[in-house]
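Down below is the structure, laid out as structure tokens.
Every chain is named by a letter (A, B and C) in the order it is written, and numbering of its residues begins at 1.
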Amino acid sequence: MKKFIIAFLTTFTLMFSGSANAEYPSGPVQFLVPWPPGDFEDILTRMIAEEWKVETGMPASVVNRPGGGDGPFPGALEVLDAPADGSVIGSFVIGVPIIGPRIGIGIEQDSFEPIGVFVTYPFVLAASGDAPYSNLKELAAHAQNNDVILGHFGEGLIPTKATLAAAKKLGFEFADSSAYDMLDCNSLASGDADVINTTLALIEPCLSDIKILTNIGVERISKLPDVPTISEQSGINDLELWNGLFVKKGTPQDVKDKIAAISKKTMLGEKAQTLAKETGARIYWEGESESIARIASDTVKFDELNAILQ
Amino acid sequence: MKIRVFENDNILSSIKDKPLNIKTISKKFVSKIPKDKKFKVENLFEFKRVTGDLTLSIIFLMLVSFLLISFNTESGWDGRELSQKRVGKILKQQWVGPLICMVILVPATIYNLYQSTIQLNINKRLRMPSRIKHELFQWLKSLEFIFYFLIYTNIITIFGYLISTVIFAIFLTTRLGYRSLEWILRSAIAAFIIVIIFRSILQIKTPVNIWLYKFLPQNFEVFMKIYF
Amino acid sequence: MDAFYLGLSNLMNFQVIVAILIGAVGGVVIGAVPGIGPAIAIAILLPATIFLDDLVSLVLLLGIYGSAMYGGAIPAILINTPGTPVNALTTYDGYSMTKNGEAPRALSLAYSSSFFGGCFSISVALICLIAFGPYLKDFGALFGQRDIFMAAALGSVLLILAHRQNMAIAAMLFAVGFLITMVGRQTTKKVDRFTFDIEYLASGFNLIVVIVGIFALSQALNLMNGKDSDPPEAKLIGGLFRGLAELKNYPAVAFISASFGTVMGIIPGVGEFVAQFFSYSTARSLSKTPTQFGYGAPEGLIACETSNNAVPAAAMIPLLAIGVPGEALTAMMMVVFFDAGIKPGPDIFDTAPDFLFSLFIALLFVNILVVITLLFTSRFIATIIYIPNKFLGAFVMILAFVGVFSIRNNFMDCAFAAGFGFLGYILRRLNWPLVPIVLGMVLGQIMIEKLTAGAGKIKYWVDLVNRPVSGFLSLTIFLVILGTLISYIYNNYKKRN
């Protein structure tokens, strides 16, 4: 209620102050997270939304639009439907700008413009504590004669492809795989999958009871220095999984700059950095130009992955 | 059938001569449960097929046949791979959901049509008049209000949420027969309150490109766009 | 237990308290006006509450859900028109009491029984939370994808079988609802289901759009096409406190009905109707004056009101514990949970235990607030029930736009909602049930999602049922279907002889 009054009075006085254009943000803003709540991008985006309310006095909300095992793409399409004025901001993983254009659902190479990249997921391959394997080599040996089921966030997504490529290189095959929207402690405990591709945030509560087989990323996770990366174990390239903020193409530059300023402040702030230390994620801020460069280099790495899988 | 009449008047005349002796006054007996209306809880869940039921059942049958015909191409059935080693790989395919739907839908529709025709035959045998024309006319009458609703959604882009809602409210009130000034004022005020609560306070999203607001000075335009 | 205190302190927030107030009082008014019910109100308010704080919007909607049945009893008793569909049984005994001039007694008895029913199920829920909460995670390990699939399947079967006399129609509409969620483009698998190459259909149908169309718009059409009813004048003379104490004369009826309501609320797919039916029949068979039922028996009134108020709190339990909503209204609230950053499921006790406590404590506050308010403002509310139908219908139509457009800002959504409204209107005229369509959408989507996700582990057909929970649930499904078939054949056999 208070914020409504503040916003009302601000606009009222603006009316009579003769300013030419309404300053962004002139209305409520929505952050769209195409995953169910609980993971890093959700937590961090909510931090940004809180900071947004404080800084601009305008309401900001975070909505979750899970795709039901279809990956983040249905949620990403919603950002495409919105007007290009900064009122809907997407919090997307690497898969959306790189894989989105290739699956023919309406996302083009230039549909989204990055504001910045802010988190690298501690993405791992985990198995339950009583599994008879502790790293990829043992998994390969076990999988020769037994069925191993992989749980992942979507067939076309990068971590899934990385895992399958590593399997191919090491000479084994998963008996089957299933796409989930949420892979957490329960997925392993209930026996829905034998190994899962997930982030550390989601398996935090049972971290001591399960085995981490490998880490999908450029470097080893600070919290788990004994777990080798997937490129160390299987020789595929070191693709990293990140999440960034995106807006629809055609959004004005001052809008993008405003969003970037607030997000940078949040990500480099104390709360986010503490979260990084506790969970092993890397939280930082890479601006627009760096993000564009990163997307380009990651696209190349992704093509290499696809070549392996052919 | 002939009705027997008392040919012997003696009984009647003997009663007529002597007046009735009503000295004892007793309360007339009133049963707590009216004879013809015994209450049954089951009646609440009773279902009787009414006029128009058969029409809708036939329409559903046509819809279901259409879905069946297009099932092949539209649900991914033509891309099916049924020879898989693992059952799970079959269950993951796209047509599983639609197939389950069809398996439930087709028998249910046919059985429903069958039950509907039974009721129709009962009605025919009892020579109950069919009010199907009246029923269908009622259905079409409701389309008028749907038409008004669609017009309302379209004039919002022209006149803005506040004005179109007030206009729509007043129009509907007069169309429904409340023509006095008191009712018109009530509906206008109620519409205004609805707009304030949902648009200004809760900030729900309504269309932003409004033709009417273009004629306002810049600052007013912004204000109206945000709060109304 | 600290989660309990933390949950309590979450509620000591000005906005939350205002939301509880608005939810409670608003819910009573919404329930009291015949023609609109909590389903319509929640469907319309849901998208509008996106910009409020999470707990605030949830408490608001929950308040409406929990208090609507209090309000629904008022016109049911005074003018023989149920305010919400679940108050239908209240009309029999309640209105008879009014005809005998005992309206205040009926009203206060209804309030106290509702209060008892609500508090009963809330306390059961809280006790379960405190006692079993920490073990929910282990319990959750039993519930994998295939088990949740079976739970949703059981809910669907129970839903269809509950419509004893029109099972074919219920099954048909359930399958239609199921099919509606199937429509859309499956992005990563590149298959369009039933889109017929129409762009709009590629994004599928949204649950709220369908609900607003089928419930709200159809009701608006129903009201506008009908006549303004001429309800009898009802005078409220006398104090409202008399009936409150009367509840303690019938402890057995009250407890049994409340338990039925709670149990039926927990089982997905069943709902207030079946709960009421069972408790009413049981109360009648246990009563010393069974012939009074339907003509002013206080036990009848107690049975109805207690059971239908016990359902809301109980219906939240399957939603929170395993993520399967038991009922159309709880399904809508699942969306609000997601927007609040809470994922319903077995993990919820680890991730947000205080939130769970806040919910149920808030519901308790709502119940208390409603009873206190009603004792003093019943007279005022009794005037609201006379809003003319057609006028009401017009405003439901205006509000329907709010609900539909704010979801996806799409005019085609409005057109489709209008189409569903037309369909819903025809269904209402034919007395066909509307709930199977909504639950078909919700349960169908859950079933398919869980089936596809759990398919990885299914090597042979038997893998679907060889887990403890899914095996038990599938056995229950089989037995229930078998039981219904047997009783059907037996009844037919009896009829012929």
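Going forward, contacts are C-beta pairs under 8 Å (C-beta built on N, C-alpha and C of every residue); 3 or more make two chains touch, one makes a residue touch a chain.
Worth saying up front: this structure is predicted, and the values here are computed from it rather than measured.
Visitor: When the contacting C-beta pairs are counted for B-C and for A-B, which pair yields the higher total?
Guide: Between B-C and A-B, the larger count of C-beta pairs in contact belongs to B-C.
Visitor: Look at all chain centres (mean of CA atoms) and spot the one farthest from the centre of subunit C.
Guide: A
Visitor: Determine the centre-to-centre distance between subunit A and subunit C, using the mean Cα coordinates as centres, and give it in whole Å.
Guide: 36
Visitor: Centroid of subunit B to centroid of subunit C, CA atoms only: how many Å?
Guide: Their C-alpha centroids are separated by 19 Å.
Visitor: Let me have the rounded angstrom distance from the C-alpha centre of subunit A over to the C-alpha centre of subunit B, please.
Guide: One centre to the other, that is 45 Å.
Visitor: Quick one: which residues in subunit A touch 2 or more of the other chains?
Guide: 28, 59, 175-176, 178
Visitor: Where in subunit B do residues touch two or more of the other chains?
Guide: Subunit B, residues with two or more chain partners: 86, 88-89, 92, 203.
Visitor: Where does subunit C touch two or more other chains at once, residue-wise?
Guide: Each of 51, 186, 189, 409, 452, 454-457, 459 in subunit C touches at least two other chains.
Visitor: Per the contact definition, I'd like the list of subunit B residues that touch subunit A in the complex.
Guide: Touch list, subunit B to subunit A: 86, 88-89, 92, 201, 203, 208, 218-220, 222-223, 226-227.
Visitor: Taking the touch rule as given, give the residues of subunit B at its contact with subunit C in the complex, in rising order.
Guide: 32-33, 39, 41, 44-50, 52-53, 56, 60, 67, 70, 74-76, 79, 86-89, 91-92, 94, 96-98, 100-102, 104-105, 108-109, 111-112, 115, 135, 138-139, 141-143, 145-146, 149-150, 152-154, 156, 165, 168-169, 172-173, 176-178, 183, 187, 190-191, 194, 198, 202-207
Visitor: Touching subunit B in the complex: which residues of subunit C?
Guide: Where subunit C meets subunit B, its residues are 47-49, 51-52, 88-89, 92, 164-166, 168-169, 171-172, 174-176, 178-179, 182, 186, 189, 191-196, 217, 220-221, 224-225, 273, 277, 280-281, 284, 291-295, 388, 390-391, 393-395, 397-402, 405-406, 409, 411, 414-415, 418, 421-422, 425-427, 429-432, 444, 447-448, 451-452, 454-461, 463.
Visitor: Flag every residue of subunit A that touches subunit C in the complex, lowest number first.
Guide: Those residues of subunit A that touch subunit C are 1, 28, 30, 36-38, 42, 46, 59, 61-64, 66-71, 73-74, 77-78, 81-82, 103-105, 147, 149-151, 154-156, 175-182, 184-187, 189-193, 205.
Visitor: Of all residues in subunit C, which touch subunit A in the complex?
Guide: Listed in rising order, the residues are 15, 18, 50-51, 137, 140-147, 185-190, 203, 338-343, 345-347, 350-351, 408-410, 445, 449, 452-457, 459, 467.
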